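You will see subunit A twice below: alongside subunit B first, and alongside subunit C after that.
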Partner chain A sequence: MSDHAHIRSVLPHRHPILLVDQIEEIEHFDHIVTVKAVTGSEPCYAGMAETTDPRRFAYPRSLMVESFGQSGALLWLESIRREGRELTGSLIFAAAKNVTFHRAAYPGDTLRHVAHIEQIVGDNAFLRGQTLVDGELAADYGSVIAVVRQTESLDGRQAPVASQLAAIPRQHTMEEQ
Partner chain B sequence: MTVTADITGTGRAAHLDELRELIAEVLEIEPEELTETGSFVEEYEADSLRAIEILARIEKKYRVEVPQEDLAKMENLLAVYETVKARVGWTD
Partner chain C sequence: MNGALHKSMAPAAALVLDEPVLTTSATAPSPVPSTAHRAAPLKAIDEYRILSAHEITAEKLVRADDPYLEGHYPDFTIYPGVFVIESVTQTVHALVEQTWESRIEIELTAIKSVRFTSPVLVGDTLRIRCLCTYVEDNRLTVKADCHIDRNELDPDLDDAGAGAASDRAARMTLEFRLVRADAHE
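Entry: the complex of A and B
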């Protein structure tokens, strides 16, 4: 259940933007606990100018939020799959609201995401949760919305979510504290 | 005597106020800015995602299911009120 191959069978994301390594715990349609290890070889650190300022290596907040969103989508899509259903279309990170950041993560840290499903309305999942680093609150997500939307592939057929590339986030309305 | 009145003790104006507050929060405007007939899309720059958010909040607050087909009708505050009224069974 918690192996990486399984995550890849559910999420359409691939290297270098697949930002969930493992599922630690899952309760379908309720919550999920996932981990993502941050390393110095992440693409986000490539090509950085030499610096002695350690703060420059803080893991980008945008990627932390994306990693959380993927965890929530994983919970949603996995829960649906368990019911024998499969959504077709493109998985989209639609919105993030009331997001606050509390501490940074650095290479060597592990992000632990706890994502809850608040509500599912049609092909829209409303999520909330937190990211922890070393047991400390790193980010709090008041509301994150993941959606699946129909997008005609080139040959006009609809493909299941896992076989399509995820779209670029359409809208971010993050409020920092 | 049979009491059929709304047990929450709210009437049309109160329901409209509740909905106005809920919708204004989603549209990120002040409740007083939202008129009864102002189009969400034309006047408040709502998109399809905002509409889904309004629907989600209504379902949660009033514990009803509103089919997504109803979304097309819910173009302003008054229309939302009428839709919710029919679903919840308000007798305002």
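Entry: the complex of A and C
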């Protein structure tokens, strides 16, 4: 169990896109269980046309993936910190493969993410896992790659260097099929 | 209650679709209305252009005041990778609205693969191109290619000569399910 202040000390994300509320369980370098409560007051429900169709209030799947990715990053960064190391730079979603969605979540639901580290190669973390809602499978993540890239100058402006993303060893990249 | 709702929604009841027919002849860019008809993190495309019943392009100018971006990240803003997926999803939605029955909704069922190759930053214009293939069981497979026009590049550069002016931001293959939108309305 971990408080929200601790999560904020590890993840660079902030309101309103800090999408992990609590750590329920963590085994460093192995897996993490986190929760995120979906509420009707989140920005994704702002500006919606009036409707009687409840399906239109399904929590966006893009945000569900973001919440899972943050959970995996939390496991990764927290594990590294435990070894006395820190990764500095920008946390980036680099790739994913075989992500499937099975049921929707609505305001009032709680997303429970279970994220596993498959392997860590340099500044790249390879994750897999699931999102559960009411004990039912909501999403399955076959493979997700998160990377940390240094923020440095690119033609006069600060940016993560794209060429570094392309430098991920080929056996670990997930090319289009 | 939500569990019951979920069960009542699947599978889509007897939805049979013919091959898509383009109901609009508009080839000029169409603006996207600001009012959303379903929950979305942001209006992820500004305008779209339908090329055929299977192909569509769209654009999104990334702004510092776009929803959610203030927290991603406070000291250096990056358009999240999942928002690029959202931009593609809204592009596909625009095509479905115009080429299938108007009351068909799409539901993202799978990210078969996605790879992000360059960060998308404030001031960049994200250019999306989607090729959609109808497959069995009311499913749509979408291959999307996303490029960015960098905000600091010479404005005199010709868009058509995109090689120098544009970087690939992402490629992805997504799968959607087509469902009737009128069940509760």
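The rule is simple: the second predicted complex is superposed on the first by the 151 of 177 C-alpha atoms of A that agree within 3 Å, B and C clash if a C-alpha of one lies under 4 Å from a C-alpha of the other, contacts with A are read in each partner's own complex, and residues count from 1 in each chain.
Methods note: a contact is a pair of C-beta atoms (placed from the backbone, for glycine too) under 8 Å apart; a residue touches a chain by one contact, two chains touch by 3 or more.
Note that the coordinates shown come from a computational prediction; the quantities given were computed from them, not determined experimentally.
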| item | value |
| --- | --- |
| Which of subunit B and subunit C A:T52 touches, first, second, both or neither | second |
| More subunit A residues in contact [subunit B versus subunit C] | C |
| Which of subunit B and subunit C A:G122 touches, first, second, both or neither | first |
| Touched partner set for A:N98, first subunit B, second subunit C, both or neither | second |
| First (subunit B), second (subunit C), both or neither touched by A:T131 | neither |
| Touched partner set for A:S79, first subunit B, second subunit C, both or neither | neither |
| Which superposed partner A:S62 touches (first subunit B, second subunit C, both, neither) | second |
| Residues on subunit A lying within both footprints (that of subunit B and that of subunit C) | 94-95 |
| Touch list for subunit B against partner subunit A, complex | 49, 52-53, 55-56, 59-60, 68 |
| Complex contacts: residues of subunit C adjacent to subunit A | 2-3, 5-6, 9-10, 34-42, 67-74, 76, 78, 80-83, 85-86, 89, 105, 107-119, 121, 143, 152, 167, 171-173, 181, 183-185 |
| Residues on subunit A engaged by subunit B in the complex (per definition of touch) | 94-95, 119, 121-122, 124, 126, 145, 147, 170-171 |
| Complex interface listing, subunit A residues touching subunit C | 12-18, 43-49, 51-63, 65-66, 69, 90, 92-101, 103-106, 108-109, 133-134, 136, 151, 155-160, 162, 165-166, 173-177 |
